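First, the structure itself, so that you have it in front of you.
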Amino acid sequence: MIKKIGVLTSGGDAPGMNAAVSAVIRYASSNKIEVFVIKDGYKGLINDWIEQADINYAQNIIALGGTAIGSARLPEFADIKVREKAVANLKKHAIEALVVIGGDGSYMGAQRLTEMGINCVGLPGTIDNDIVSSDYTIGFDTALNTIVQAIDKIRDTMQSHNRAAVIEVMGNQCGDLALYASIATGADVISTSESKLTEQEIVDQVTAIAKTGKRSVVVVVSEKMYPDVHALAEKVEASSGYVTRATVLGHIQRGGSPSAMDRHLAVTSAMFAVDQIIAGKGGLYIGLDGTKLVARDINSTLNMPRKDKTEETNKIRFLNAQFLK
Amino acid sequence: MIKKIGVLTSGGDAPGMNAAVSAVIRYASSNKIEVFVIKDGYKGLINDWIEQADINYAQNIIALGGTAIGSARLPEFADIKVREKAVANLKKHAIEALVVIGGDGSYMGAQRLTEMGINCVGLPGTIDNDIVSSDYTIGFDTALNTIVQAIDKIRDTMQSHNRAAVIEVMGNQCGDLALYASIATGADVISTSESKLTEQEIVDQVTAIAKTGKRSVVVVVSEKMYPDVHALAEKVEASSGYVTRATVLGHIQRGGSPSAMDRHLAVTSAMFAVDQIIAGKGGLYIGLDGTKLVARDINSTLNMPRKDKTEETNKIRFLNAQFLK
Amino acid sequence: MIKKIGVLTSGGDAPGMNAAVSAVIRYASSNKIEVFVIKDGYKGLINDWIEQADINYAQNIIALGGTAIGSARLPEFADIKVREKAVANLKKHAIEALVVIGGDGSYMGAQRLTEMGINCVGLPGTIDNDIVSSDYTIGFDTALNTIVQAIDKIRDTMQSHNRAAVIEVMGNQCGDLALYASIATGADVISTSESKLTEQEIVDQVTAIAKTGKRSVVVVVSEKMYPDVHALAEKVEASSGYVTRATVLGHIQRGGSPSAMDRHLAVTSAMFAVDQIIAGKGGLYIGLDGTKLVARDINSTLNMPRKDKTEETNKIRFLNAQFLK
Amino acid sequence: MIKKIGVLTSGGDAPGMNAAVSAVIRYASSNKIEVFVIKDGYKGLINDWIEQADINYAQNIIALGGTAIGSARLPEFADIKVREKAVANLKKHAIEALVVIGGDGSYMGAQRLTEMGINCVGLPGTIDNDIVSSDYTIGFDTALNTIVQAIDKIRDTMQSHNRAAVIEVMGNQCGDLALYASIATGADVISTSESKLTEQEIVDQVTAIAKTGKRSVVVVVSEKMYPDVHALAEKVEASSGYVTRATVLGHIQRGGSPSAMDRHLAVTSAMFAVDQIIAGKGGLYIGLDGTKLVARDINSTLNMPRKDKTEETNKIRFLNAQFLK
């Protein structure tokens, strides 16, 4: 039976990462396994920022946002010499396996470490919901609620003043934050990274809405799609007549105390990951499949195709545009 | 093609009911179907409290808690004469089909009305997550977040004062609110309607925790399981030594602006229900199956067995009790 | 005794405006005065968008964000001919007095209308807290909480990743939102419209913090002070070494359900305003002075000097910079 | 100049206590004073639970609910022998003065310690707003917002179902939480510890409202005023015809991340307290007087009369009862 494992968080922080770290520590401890936390992701492996986990600490971080054990990017981890240093540090502490919590940027490192003898099991931790091998990712639900609450507030002002708003949300090549937020708020115009509208299409749609006399308009767009959303808002204003402002939600989308379901996914998938490690497995990423957790070979997840959401997006556009006769 | 439909909410109010009503109105309108809202559930059918739906109204209620069109209990709807009055009122308005949003108490009415010529399609609207034919129900996620935030707050005070808390949550024969909330908050002792502890077991578990020196203890119990949770708290205090107070979360669990995922489920399942009605179907209840929506015969859903959660509950107990050596 | 009054909201919407409108309607009704709501501020006066208020409506809007009766800018209200039209419309409805809820942009209109025979009493409704004649304004507390919650979230991410954030908040020439938010969050660097730092000073302060090894830095700045906060963030990054991102909180600061104290101020000052009108007074603006409400001549409020906050700001800088040895 | 001070929290925990502790540590450190935290209030003084404060710790607790340094009751502190032990422990660490954060139960201890040579300065920390020498107390605003959000949620359900709710809130002999919450939510019936209604009066008022056809009723009562609020709800139901349920908000009112204004009061009053200590003063309690902080002799504060709120309460009753013709 395995005696010592490590846990780290990698890539962009996501609400629920702390709940996952907490559950790894608590569940492994319940199973008589010693747990070490690695600070600042793979960077901490290289620098030997490795500390024995404390059970009180594990208790106290469940509800906190961000990642209390730190995260960092480390492109040089692709270099085998760098990874050898990591493995040496792990062996020094007699750590035999790792739970890696992070987005798809952390997959390859987990796979390579497994190949070098350290069994790694990954948890999908990112607000972007861009991990194809899991229906939902840890952090998505919290970020989505933050976005929905922000859009609700902006709608208040738009409705008060007979205006239009262009709102840019995160997603990193995945339109789910934009799409789900649009469903939840009744956004009038939707442009996602997977079902993109041109600037002219956005301008035309808002102008068409203006003709129906609708009091307020909310346009939701994914990040990195238009050169300047403020300039886009000016174009919308010039054509539609609505006073129009752009808001880039930015970094408020990442932090915050995790939602109940993000904590639920974090805790249950963390236990499931530790179960894999106890079973002697590695090179796996945990995913949510319906209401079941599954463990997939990292290599197999890399080629999974992304679900096409064009039809769903168009259906929501049809729903939310009922004003357009 | 169908021309006029009605929508009503039935049973206990749940966050997201308004988002569902909104989506029924907006989606049916987009499909050139006229929508009527029936006030106060089946009671409004009998009393002809039926009004044409307004599209601005539909827009404005998406984010609101409760049910803006009212709900009520009507046991006498089991009487065919009462239902004939309902059908007569619907025919007066030329309403051919109904979307019914509510818990399993509304199933039978929907089935009976379908048999009498009014195609009914139901949406699972209840905070209790006690509808076996759907993985999650509309309102569960919001109520769960309300509970988790309340427990987080109570934990603050228990941790400040070295105390224990007994917290009673809703669930109506279904332990999911209690179980999920315990997972999300690291509750120390868990007793659900599906995996019940005796009062003595609760007292013993808290007393065992006290011996480990843990600073605070949270006990989460489902409603309707113990004659008096305040008396239970006294027993816990007498044995464990922790100053112990009980909190019955009560009606704060029902209201509030719906969470993003409750709105998502409400909106997508509402569209799916209208699609069934357009297809000429009735006697169906919509359920979430993984990430897919399914429409099941009401009769078939009545005999679906409840998932046994004993193993999962015990696993969470094992996780959360890592202090007990 | 006066028989009919109107109520309108003017200028930027602020949380609590609806609670104020609600209290005007309810309190005047309790005093047997008929209330009319004017839609879209002074614009509605000109266009006769005037409707009798409904008591159920008044009940239902207390907790809502924005202004349900609309607001708009109307620079041409400075023209006497335009105002004569407003007075004519008011006389048509036999409305003898007005409660005006809005920022200092609405003062002059209220004063002029009073001089033309319509007694106006104003309530300080703006998130900016820039009305010198009131310690706090309706909407400030809610906006401040929204900002503080946003900064807390951004701090989560900065702390997770060892980064710096530049956060721009509203305030419109008044630094209170920036200053209070900095106090509440422990912001490391503070630049307000009343105690401005140059870009170089900000860069230098963050660079000095970097040398102490502090994990995260939060810089809070008022709006309209730097040509481009994203460019400022780049300069901070270049000098300090922290990865640095700017976030412009923008319109999320205006909306949202009003906080308890914003509702309290809204309701109590609305009753106080109606009391002035009942007493036959006009040309007044209500202000909060400690825990007391006062009614001041509009003319006298125009020359009130703004409180100098330099000393207080410097004290907070001293407090929050304890890392700088 | 003073070199070492201590800080402790006493009595019931209140949101903002951590922000106050944080500011004491940070501000004193900025002033080259060493700070020690005393765990669990006066109990920690006796038991020598005294630790040097850490500046990172001070940073990280600003936004947390409860009191991270613990609190406890210690009636035996009235005994001089017990206090002598406290003074001996403080002298052992060379701690010359104390900041005491807590309600009026901590005043006497602070006064006695001052008389024994340890200058104590108190901060008003309690959710109850029952400290006459301060307009508002640290924690009141957060608790009030928690209550208002809870009542808003309960109103959702009452309005959905045509029901009445009896809601019991905290306050400990002070009606402010009940009164302010009633103002902010438009509660229909209000009974506070300072302006109490008999059970019969409550029943009669709700029954009168029922006759107007109002859809929902909310009754807000202070704690400890009726033997059993559930029995009271039954009486209300029997007379009025509304299905009526009681909710005791209980311990959810104490915890939670502090609001912006609670943190503001905590931080500014903490700095003010340290300033008093630096000036060599003791035996003082800090209070908020309008927007100014004042330091009053503890002895003088003990005899300050409580403000009579009967007139204000009656005015709110008049406002909120506009339905009663």
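Each chain carries a letter (A, B, C and D) given by its place in the written order, and its residues are counted from 1.
Just so it is clear, a contact is a pair of C-beta atoms (placed from the backbone, for glycine too) under 8 Å apart; a residue touches a chain by one contact, two chains touch by 3 or more.
Just so it is clear, the structure is predicted and the values come from calculations on it, not from any experiment.
*Asks:* Would you mind naming the chains that touch chain A and likewise touch chain B?
*Replies:* Shared contacts of chain A and chain B: no chain.
*Asks:* Starting from the Cα centroid of chain C, hunt down the chain whose centroid lies farthest away.
*Replies:* B
*Asks:* Just how far, in Å, is the C-alpha centre of chain D from the one of chain A?
*Replies:* 38
*Asks:* Taking each chain's centre as the mean of its CA atoms, how far is chain A from chain C in angstrom?
*Replies:* Inter-chain centre distance comes to 34 Å.
*Asks:* List, in ascending order, every residue of chain D touching at least 2 other chains.
*Replies:* In chain D, 152 touch at least two other chains.
*Asks:* Which of the chains are touching one another, listed as pairs?
*Replies:* So, checking each combination of chains, I get A-B, A-C, B-D, C-D as the touching pairs.
*Asks:* How about chain D: which of its residues touch chain C in the complex?
*Replies:* Touch list, chain D to chain C: 19, 22-23, 26-27, 29-30, 55, 59, 62-63, 135, 141, 144-145, 147-148, 152, 180-181, 183-186, 257, 259-261, 263-264, 267-268, 271, 289-291, 315-316, 318-323.
*Asks:* Within their complex, state which residues of chain A touch chain C.
*Replies:* 9, 12-13, 15, 40, 64-68, 70-72, 146, 149-150, 152-157, 159-162, 165, 245-252, 254-256
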